[in-house]
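Each chain carries a letter (A, B, C and D) given by its place in the written order, and its residues are counted from 1.
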Amino acid sequence: MIRAILLGSGYVGTYLAVGLERIKKGLVGKYGIPLAKYPLPYKIEDINIVSAYDIDSSKVGKTLFDAGAEIFGKEYDLPETLKDIPIKKGIHLKSAEGLPIKATGLEEGRSVKDAIDELVNEWAELKPDVIINVITTEEGRAYKSKEEAVSAILDGKAPATHAYAYAATQYAKQSGRKVTFVNAIPTPVANNPGLIELFNETGAIAFGDDGATGATPLTSDLLEHMAQRNRFVEFVVQFNIGGNTDFLALTQPKRNKMKENTKSSMVADILGYDAPHYIKPTGYLQPLGDKKYVAMHLEWISFNGFRDSLFISARINDSPALAGMLVDLIRLGKIAVDKGLSGTVYEVNAFFMKKPGPEGAKNIAKTHAYMQLLNWLGLSRYQ
Amino acid sequence: MIRAILLGSGYVGTYLAVGLERIKKGLVGKYGIPLAKYPLPYKIEDINIVSAYDIDSSKVGKTLFDAGAEIFGKEYDLPETLKDIPIKKGIHLKSAEGLPIKATGLEEGRSVKDAIDELVNEWAELKPDVIINVITTEEGRAYKSKEEAVSAILDGKAPATHAYAYAATQYAKQSGRKVTFVNAIPTPVANNPGLIELFNETGAIAFGDDGATGATPLTSDLLEHMAQRNRFVEFVVQFNIGGNTDFLALTQPKRNKMKENTKSSMVADILGYDAPHYIKPTGYLQPLGDKKYVAMHLEWISFNGFRDSLFISARINDSPALAGMLVDLIRLGKIAVDKGLSGTVYEVNAFFMKKPGPEGAKNIAKTHAYMQLLNWLGLSRYQ
Amino acid sequence: MIRAILLGSGYVGTYLAVGLERIKKGLVGKYGIPLAKYPLPYKIEDINIVSAYDIDSSKVGKTLFDAGAEIFGKEYDLPETLKDIPIKKGIHLKSAEGLPIKATGLEEGRSVKDAIDELVNEWAELKPDVIINVITTEEGRAYKSKEEAVSAILDGKAPATHAYAYAATQYAKQSGRKVTFVNAIPTPVANNPGLIELFNETGAIAFGDDGATGATPLTSDLLEHMAQRNRFVEFVVQFNIGGNTDFLALTQPKRNKMKENTKSSMVADILGYDAPHYIKPTGYLQPLGDKKYVAMHLEWISFNGFRDSLFISARINDSPALAGMLVDLIRLGKIAVDKGLSGTVYEVNAFFMKKPGPEGAKNIAKTHAYMQLLNWLGLSRYQ
Amino acid sequence: MIRAILLGSGYVGTYLAVGLERIKKGLVGKYGIPLAKYPLPYKIEDINIVSAYDIDSSKVGKTLFDAGAEIFGKEYDLPETLKDIPIKKGIHLKSAEGLPIKATGLEEGRSVKDAIDELVNEWAELKPDVIINVITTEEGRAYKSKEEAVSAILDGKAPATHAYAYAATQYAKQSGRKVTFVNAIPTPVANNPGLIELFNETGAIAFGDDGATGATPLTSDLLEHMAQRNRFVEFVVQFNIGGNTDFLALTQPKRNKMKENTKSSMVADILGYDAPHYIKPTGYLQPLGDKKYVAMHLEWISFNGFRDSLFISARINDSPALAGMLVDLIRLGKIAVDKGLSGTVYEVNAFFMKKPGPEGAKNIAKTHAYMQLLNWLGLSRYQ
């Protein structure tokens, strides 16, 4: 059994919980979970989400069943087991600033340290093996050292993600339990030397950053396809627009910058030259909902100087794609813990993350990262 | 130095010769040649095309300079060295039947055997290391044994491709020289047990079948992208339309069937299930010229049963893409010969061919085939 | 009140009946009905489908409620009123040949004339104002004269559509009632001089041919967009693939030819020159269902010789689009009858049909046809 | 003969001059000029560009031949007659602020009034019939009255476009010649009550605003296509990215806002409801050059509640499209002057402009605007 905690009960977190319970009840196939077909030490059904955390005051105190009913409507076949997963009050630290949410936070009326301590005490009872961060993208910077990190966090100058990551390490330290913190958003954790120092020191693990779903991994593999044929890519355009909270949040320039950073690092890493590119979340349009629209265009020079053109249009359900990956990341988090690792794990990050940590690590094509991951797990693609 | 012979002086053959000579003169970059960046034993500049063969009576007796001038026009900067590559009369055997070409063939007025003998004698003087087959797609079947193959060929019941392949083996046998026959069209050679027996016996090599350019390798890598995420692909549509002779030829159902065969084998091999698909050359429209239009659409089931959609539109210069690959296939043909191999070489075919021989071999994703090829060559992707 | 009869109870016919009854119950909006917003003499709710006809032996004897349940499933909110619309046995005449249907027909075991007489007698009791032909596309030719038409029909050498059209005229003649025959498939009726002579003579009306839904009217308006800017269209490609019975039927070359004929006439009519084009139903792929995939590509020359490119990808529900138009065609059929017209009505056909009759009529852009239709109805666009 | 002056010698202006001279020499067809096929009182060859104005110090003092050589390169067949068109110094007023241009302006070292006076004096000698404004998009507001306009302009608080428009009216007033000012950029002139009062008073004419090229008129006609079928459009996304100076300028929010304003007004005007939309210039990517990439997506509800999807990808040469329209706008400017009109002319604006003046005028579908324009000219579409 794997005990997991969700930070954030928005679309991604709710889809993850709903999908897991529906799989357990045999209501839906195991599609969208990359490693579902391979014999891992932990089955999908072994995952048990023990609690969620949120700062939306209209959610705190309810359960993931309520969150699911809000999204899917009353007609949907929601497993009753979701009623056993409470939504507790989390750390805010302005992570919802500017969004149409009435926010509340554990730190209200006390110090950040006290809020973190309370969290760590709760976790000591919940005994999570894996903690998944799927809160809304927030601005955040990398710290050079553990000291710089801790000081920013305790002074309330760090984003909620960093406070949560710190709490995870303190939970590991105090409880003596191993834990993996999965950072599925762009705010740097696995790419954050100061935080990774903390994880290393406490025997905890951080996976990250920014779950690789949607158009970016596709772009990664397309660029590899070009590179393998030695085509000269003249430019890459990739537009994204959606109607969920994450796209709304990304209309704020600082949050958008976080996202752009994690998306663009792959071009030079894969092609070997920094082809001119425009790759970023482009806008918000409510009726698109969680099913974003992606438009891509690239041109390249082929043999004897001929120019070819490619256009892609796609509609992709944003949150389920990430939720499916989290199913594996939870299992891999426990596997990594069982292996006695600490710090971060490039072999996992390289496939699952848009900006795989540690800082400075190469952003190789996802198709190669997949093979390396299988290798790390002692599995093979065509067996 | 590598001595190469071209069977067919259409778009692909002419682009190959023109591109090679322009590269030698520094007029154009080495784009579209997959292995251009790696240190192979033979440089691109080492390739020397010594002759072309054709059955179009308006071309026989001229040179590849004339063929190039016909395609590129008088204003184009065509290297004078192309005047040294003659277009000799080749074997017809109805390969141009139904096409708007006044055809002629070496076999006219004599037996097929005599025509092949003449060819073998010519080759004994031309001393080719590699023979490249880029004639128009023709119908042809696989033979169970060497005897069945030879009998069909000498009786004039085999397509020109098979007569050429047989001639290559006889050239190898009689001259004692090693040779690689590169079959870039769908008519089965590397997937033809009877012919491969002949190649094995004479110490010759056949690469094939059907050069993997255009939309098919892209589809291959896209399907792998889906498989790696365990998405359930509901269907795949891939339309192709162009305005060159090859597309015109493919409006004939028998030739089209050849092409459909080589294109469809990958779906089940990569996904592990035979997702419903419509993948074939769709039509001919003259103004598109050699730059074909490709339209693709696929849908898949993601986590928790959500459905995503992808649409691709592309314009791809058909012949240059194949010509670029032939530059490597020529070099790999010589390398394989140097290695003392005979028969066919899966590691080469798997990346470069739509239907990699030998018969029954798995059609893996191109991205993996690329890594296997590098491995076969003792090279690595991120070095 | 308008009394209507459906020939064919496949997707289009069933969607029409289901949609109408759901509109009457206020379950769904009036979208997809072109004239829904205008004040016509007849309301949508005035339409009463009194019977359907089919030759599928698994349907004959049932009701449109059963046909709806087959398509939409048991969970769907199907109005009970559909149980009042019987599916009677229709005329077959090989219209389902080659399709996976166990067919039966009124003409079995007797002459075609007797079968038609029975139909006319039934109609005399059902008293239809409008008869809608939505059977599967079948091959059929134009007749030069009434005599040629009648002789082909009574000899059993005409397709079912023509037998039905003849029956409509005989019903008009014998009952003295006015009737409009709406031919929504490509088999020529409104473009058939022999048949139109019959309609004229009996005071009946035929609208046709081939309901203008899907990509063809869009192409029409796109070509007009190009023509209005004097862009020189170099070529037009339009692929269509679907998974309904109609696409399956169109894999038969003779039926496909019918469709290609009605689709292509517009290019020269709108542009003023016959730009090279490939516009036809391209294939059948079952999982696409009734929601076809359309891919289009055109290029044009702009000012000072520059070349622009356009690519379109679409997924369009085929049958609902036609069903929505039929709602108006039924109302217009009654309006035309009230106006005392006979023969065919170009003003109606020009907007609603892919190949508007009478024979030789110009296939103008749909956007202009729409304005002419409004004008014919005494309405205006921006009122 | 029509005497024309160009304000701005960038891509659009240069393409216009180059295309016109090449048409006169018979080097290129008359494509992309909407009315080229109709018998207008003035032929295309009647247009004579007598001077250009610019504020780029690297251009001032040269000719349009130099500007053309800069864009097209030395190999291009540039007519010598372009050497007769000087590039004179124009009014700057910060119109190039923030752009990588070393700007200079007539107003340097003197009052705006003096600068305008000098311009008016020059024009008195050049005797233009039409003045075309194709400077880079700049911020600007509408004035309620003539007085407010003149005061803003003379105080140097108005953009260059307004100073030029004012100069045109003063030229008309002082010289007694009729003149049409064609405003092809978004900065409001025809939609500017204060300026239109000035034009009316001086017997001058203003066409505008923002030449309707690219994706916007296509979207207009697509929306009309939806409206004519009573489809309920759920949303419209339209991305635009290019690599010319105009796209670079539009990365500045204030300029972008100007563009967004002129693009969005059509949705509600055509559909009758303001469907949610994201329609704006999205970004700048240098290698795209003047050939912008447009990506569009819309979805709508069809009959019985079914949802359809449409995706468009296009590459469109931005400047030639506008240049072709300007050829007609110059001729229409002279025709309007000959008709004795003053102020602005909705019939012209409605087809040629993204935001047709006067202020408050309806933004009807371009296809209808085209028919109204023909009607205004006494011409018909299918003659």
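What we mean here is this: a contact is a pair of C-beta atoms (placed from the backbone, for glycine too) under 8 Å apart; a residue touches a chain by one contact, two chains touch by 3 or more.
These figures come from a predicted structure and were not determined experimentally.
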Rotation angle (°) superposing Cα atoms of chain B on chain C, nearest 5: 180
Proportion of interface numbers common to chain C and chain D (over half same, under half different): same
Geometric centre distance via CA averages, chain D-chain A, whole Å: 47
Rounded Å distance, chain A centre to chain C centre (Cα mean): 51
Whole-Å gap between the CA centroids of chain C and chain D: 44
Shared interface positions of chain C, touching two or more other chains: 309, 311, 313, 315
Contacting residues of chain C [partner chain B, same complex]: 234-235, 237, 239, 241, 276-278, 282-288, 293, 295, 297, 309, 311, 313, 315
Partner chain B, residues of chain A touching it in the complex: 15, 18-19, 22, 28-37, 217-218, 221-222, 224-225, 228-232, 272, 291, 300-317, 320-321, 323-325, 327, 362, 364-368, 370-371, 381-382
